[in-house]
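Presented sequentially are two complexes of subunit A, the first with subunit B as partner and the second with subunit C.
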Partner chain A sequence: MNKTVNQKAWFLILPVLVLVAFSAVIPLMTVVNYSVQDTFGNNKFFWAGLEWFDEMLHSQRMWDALGRQLIFSAIILAIEVPLGIFVALNMPKKGFWASFCLVLMSLPLLIPWNVVGTIWQIFGRVDIGLLGYFLAKIGVDYNYTQNILDAWITVIVMDVWHWTSLVALLAYAGLQSIPDAYYQAAKIDQASRWAVFRYIELPKMAGVLMIAILLRFMDSFMIYTEPFVVTGGGPGNATTFLSIDLVKMAIGQFDLGPAAAFSLMYNLIVLSICWVFYTVMTQMDKRDGV
Partner chain B sequence: MAKITLDNLAHSYLKNPKSEDDYALKELNHDWVDGEAYALLGSSGCGKSTLLNIISGLLQPSQGRILFDGKDVTHAPTAERNIAQVFQFPVVYDTMTVRENLAFPLRNRGADASYIEARVNQIAAMIGMEAELGRKARGLTADAKQKISLGRGMVREDVNALLFDEPLTVIDPHMKWELRTQLKSLHHEFGHTMIYVTHDQTEALTFADKVVVMFDGRVVQIGTPQELFERPAHTFVGYFIGSPGMNVMDAKVSGRTATVGDVTVDLGADYAMPKGHVQLGVRPEFMQLTSDRSGLPARVRRVEDVGRHKIVRLEVMGKEMAVIMAEGSEIATDANYVQLKADAINVYANDWRVAPMGESA
Partner chain C sequence: MRKRFGINGSTLVMGLYLLFLLLPIYWLLNMSLKTNQEILGGFSLFPQDLTLANYAVILTDPSWYMGYVNSMIYVVMNTVISLAVALPAAYAFSRYHFMGDKHLFFWLLTNRMAPPAVFALPFFQLYSSVGLFDTHIAVALAHCLFNVPLAVWILEGFMRGVPKEIDETAYIDGYSFTRFFTRIFMPLIASGIGVAAFFCFMFSWVELLLSRTLTSVDAKPIAATMTRTVSASGMDWGVLAAAGVLTIVPGALVIYFVRNYIAKGFALGRV
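Now for the complex of A and B:
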């Protein structure tokens, strides 16, 4: 087939280019721009090279925030994934109660982040919060504004409350796709409950679980609003996760250069973890195809 | 291995079945003789899978009992019944290797390792998958997976019965033959009671010693392939078995003759005066086209040459019928009549066959 050469065709992709430029490229380039410059105010900038990157790599504060962030993500994954699977396994398979459970499970997912934060902020307060007041009454010394452990527990319980549903719903969808014949065959083969889970349910859920883990990891790794509303990153810096620290630095202290440098590194971390997940998932698919 | 007795068995998927129509499986009494191969034949939704699932214990019947060798197992769970079942679509444990798949039922029952090893190798040889034993089951083709399912069904030697629920649906035609032949030879070798559900008459007739034909939740006939062919007990059996199915025509029967339209037909036996809606059933193999101005007036509609023989589609008194003619035979242009072979005519009253006088029922 003869194709007509017409370079004007490039104009057809112009709208997309403009959109992407405004939504992604220009903001990102602004950040890149900030990351290599310094200012003493008055809107005058001068070249700083890789100085900020170097500073950030040696900043104990950032390493601490990254450490807290990784611990937080690991803990909520370790809780939400098994709990979500457990909930999905125990949900009714059909009928009125199945729909009821689905609606009930989706409710936390529909609440905006800052509202979730506010709910738990009030819920946990010792003076007026249902949970805090009750705990104080039965003699538990609970105060998320002063005790580091209490703050962590509150933030983690809040995240589990907010997001376990997502894992449960995805796992439930995976379970629903298993034909009855598998369970019948397992009965005939006299498989134990554990064997049914291990050899039928888990393999069939593997795909959606991978997505659930990816989503939960990404989301928890970028968590900002909820802990910010509840603890404001405190007590001290105990619950200051990466995003919170970044915002503090960029907007609170107006350290645009270091903040920009760090947000680029943050971006790289997220990208590389995505790449790892992607590779693992495609490798699993390949193994399927053999 | 065991004799399986169905005693007054019936099942409805509704909670409070009112009329007979509410039953997916209508009342049934039957003995499945130990060591025979049965085929359960019928169109989709006629209750054959329901019956199979009741026998395997996946379904609790709404009435009646099931006995294995005289022992009531109606409410016993599947695992206790010690049966094997192969499903329509391959059920394999994806993450296990082929070997682990085959060993799974034995391992769950605590057989010892050396026995499992030997038995798995034996079964693998049987289904021709020795080379794939070490491979993961995931990623195998549908027919390989179904072979694993079959193998897993046969791996236990002491099963009471082997149940097959349309197991060859997903298998390629040439493999179907091979697997069916293997199943048959396995049956000869080990003498398991086998119940094979299918809607494919060829499959049923080639596999089974006895074919159980079901229609609308009811067993309409149990017989050898030959009995089903020559003496269909119900017009449905006539239609369903045979290719093309039996020709059925309304008639008035009195003694040894029948009147179809205004033509008198000799029946070759005495049927007295059957009551109800009376019909004659004649297989296409036993009808003959003729130019002799005797028999039923017929018009040839079209001729289908299927290789071994010709199927002639006719219109006889407003009804479509078929006649089978030998491959080489010519159809005369004035072949406007069709004759029925007297001793091959079956008489039906309200769809059920009427036995002629003197025939042992």
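Now for the complex of A and C:
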């Protein structure tokens, strides 16, 4: 759409600007403030410069948490994106069953995150959970509170359960927008199923898949509630991801300086990744002429 | 023959996937209908003696059901605030070029992506210092952090689909901006507003970290109340499960209405 230049449009943006400034800029400035100061209590602060940043950059704890976080996000993307596409390809195209699947698939997305944690905490328990009970029955030694591998598998399966539908829904919406003519042309050319997927469906889904990957990456990168409820970050620190570690540091131990420096670096990482995705997305928009 | 087999394959895949999705939810439902003795006493796929006692506990005890009321209040407040400020902004983004519009749009997106954990402590201090701690409006405002950007993005996506000629015709006919916006434009993007409202509702409903940090008693959300069952003598599994089931209900009720727009909403209006 050809837009006209109109600087007065700023007035329409103003409410959003004020509101978001209040709920984003002010808190962020508080964080910046803490990150360069130190305190001995009594609300007396003094300048600490970049000390905290220096300390955090050399802190094994933060690098470990970042490492775990990256591994977690990578595994999540590697499972959920292909699985989501696969599910979308198998969904009914229209009619009652399409709506039926859509509604049921959206269900996990609407459950409060700590309830998701609770569901899986119960589900995996050996004494009263369906999953844990059956695993124990067939002789698998499964215990997500003690065994690191089991804890990881539980958290990952939980996330797959929770969010794969999102990828599937987006991929499905992408598939719906492909005109029938494309498939007919492919049929005339006697294209294989794989060729149809590779040269028609995948390129047409690229835009929404980009958003799906962006959302899944970001949300898994800041995951807090679900693993916290299920494993509490344990056993040991095995499932302590960035957000969990940050909350522990800021609210649990009240180490404001290091926590603030940590927050800022965390935010910068998110921001830069976000920017890369955004640039790619707008480039794609331009190419498609939307 | 071949085609029929294909349909069966798809049905099988979908069946398995839906089974995977529904089993944990079923288990929660199953537990909520059992007594604690039955839950701990033995393993059964179906409740042996069906009881609604767990639900009765929640629906008769104010400290339980007020959790739902509190959640509802701040979720609705948040949805109203988010939509009210996002509507004009989305209109501006979809219709005009102005200084810094692209940067602003991106900056909004980054707020949707900012980790709530980063904001938990500053929010706590900010709202404590202005005397809003443990009020519904505090949580509602805090959730605007990610809901306003989302609402702007979704609404902008829908508004782009409305041809600009409509605006121009209305202005020529002598409509003022507010009159045009409320009388003509908003009905045109009604479905978009519905979807944006749904998403604000949903993300405010599922969020716990901020709402728990900003409340203690008066505005405590249901999700935070649920942790209470742990400290009571032993673990009250039945009530916990019942509370969990009840948190799923609101989402399940509204989802039917927006089923065809869910993907568009998640795609930030970009399908």
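Remarks
Methods note: the second predicted complex is superposed on the first by the 261 of 290 C-alpha atoms of A that agree within 3 Å, B and C clash if a C-alpha of one lies under 4 Å from a C-alpha of the other, contacts with A are read in each partner's own complex, and residues count from 1 in each chain.
Here is the rule we use: contacts are C-beta pairs under 8 Å (C-beta built on N, C-alpha and C of every residue); 3 or more make two chains touch, one makes a residue touch a chain.
Nothing here was measured: the structure is a model prediction, and the numbers come from that model.
By the touch criterion defined above, A:I75 lies against neither subunit B nor subunit C after alignment on the C-alpha atoms of chain A. In the overlay built on the shared chain, the residue A:D189 is in contact with subunit B alone; subunit C does not reach it. Of the two partner chains placed around the shared chain by superposition, subunit C is the only one that A:S23 touches, whereas subunit B remains out of contact. By the touch criterion defined above, A:I178 reaches neither subunit B nor subunit C.
Within the superposed three-chain model, A:I153 lies out of touch with both subunit B and subunit C [touch as defined at top]. Touched residues of subunit A were counted for both subunit B and subunit C, and C has more of them. By the touch criterion stated above, subunit A contacts subunit C in their complex at residues 1-10, 12-13, 15-17, 19-20, 22-24, 26-28, 30-31, 86-87, 90-92, 99, 101-115, 118-120, 122-123, 127-131, 133, 161, 165-166, 169-170, 172-174, 177, 207-208, 211-212, 215, 218, 221-222, 224-225, 242-244, 246-247, 250-251, 256, 259, 263, 266-267, 270-271, 274-275, 278, 281.
Residues 179, 181-182, 184-185, 187-192, 195, 199-200, 202-204, 287-290 of subunit A are the ones touching subunit B in the complex. Taken together, the subunit C residues at the contact with subunit A in this complex read 9-10, 13-14, 17-18, 20-25, 27-28, 31, 39-40, 43, 45, 81, 84-86, 88-89, 91-99, 101, 104, 106, 108-111, 113-123, 125-126, 141-142, 144-145, 148-149, 152, 160, 164, 202, 205-209, 213, 222-223, 226-227, 237, 240-241, 244, 247-248, 251-252, 255-256, 259-260, 262-264, 266-268, 270-271. Across the complex, subunit B meets subunit A through its residues 53, 56-58, 77-79, 83-85, 87-89, 91, 93-96, 104-105, 108-109, 136, 138-139, 149, 152.
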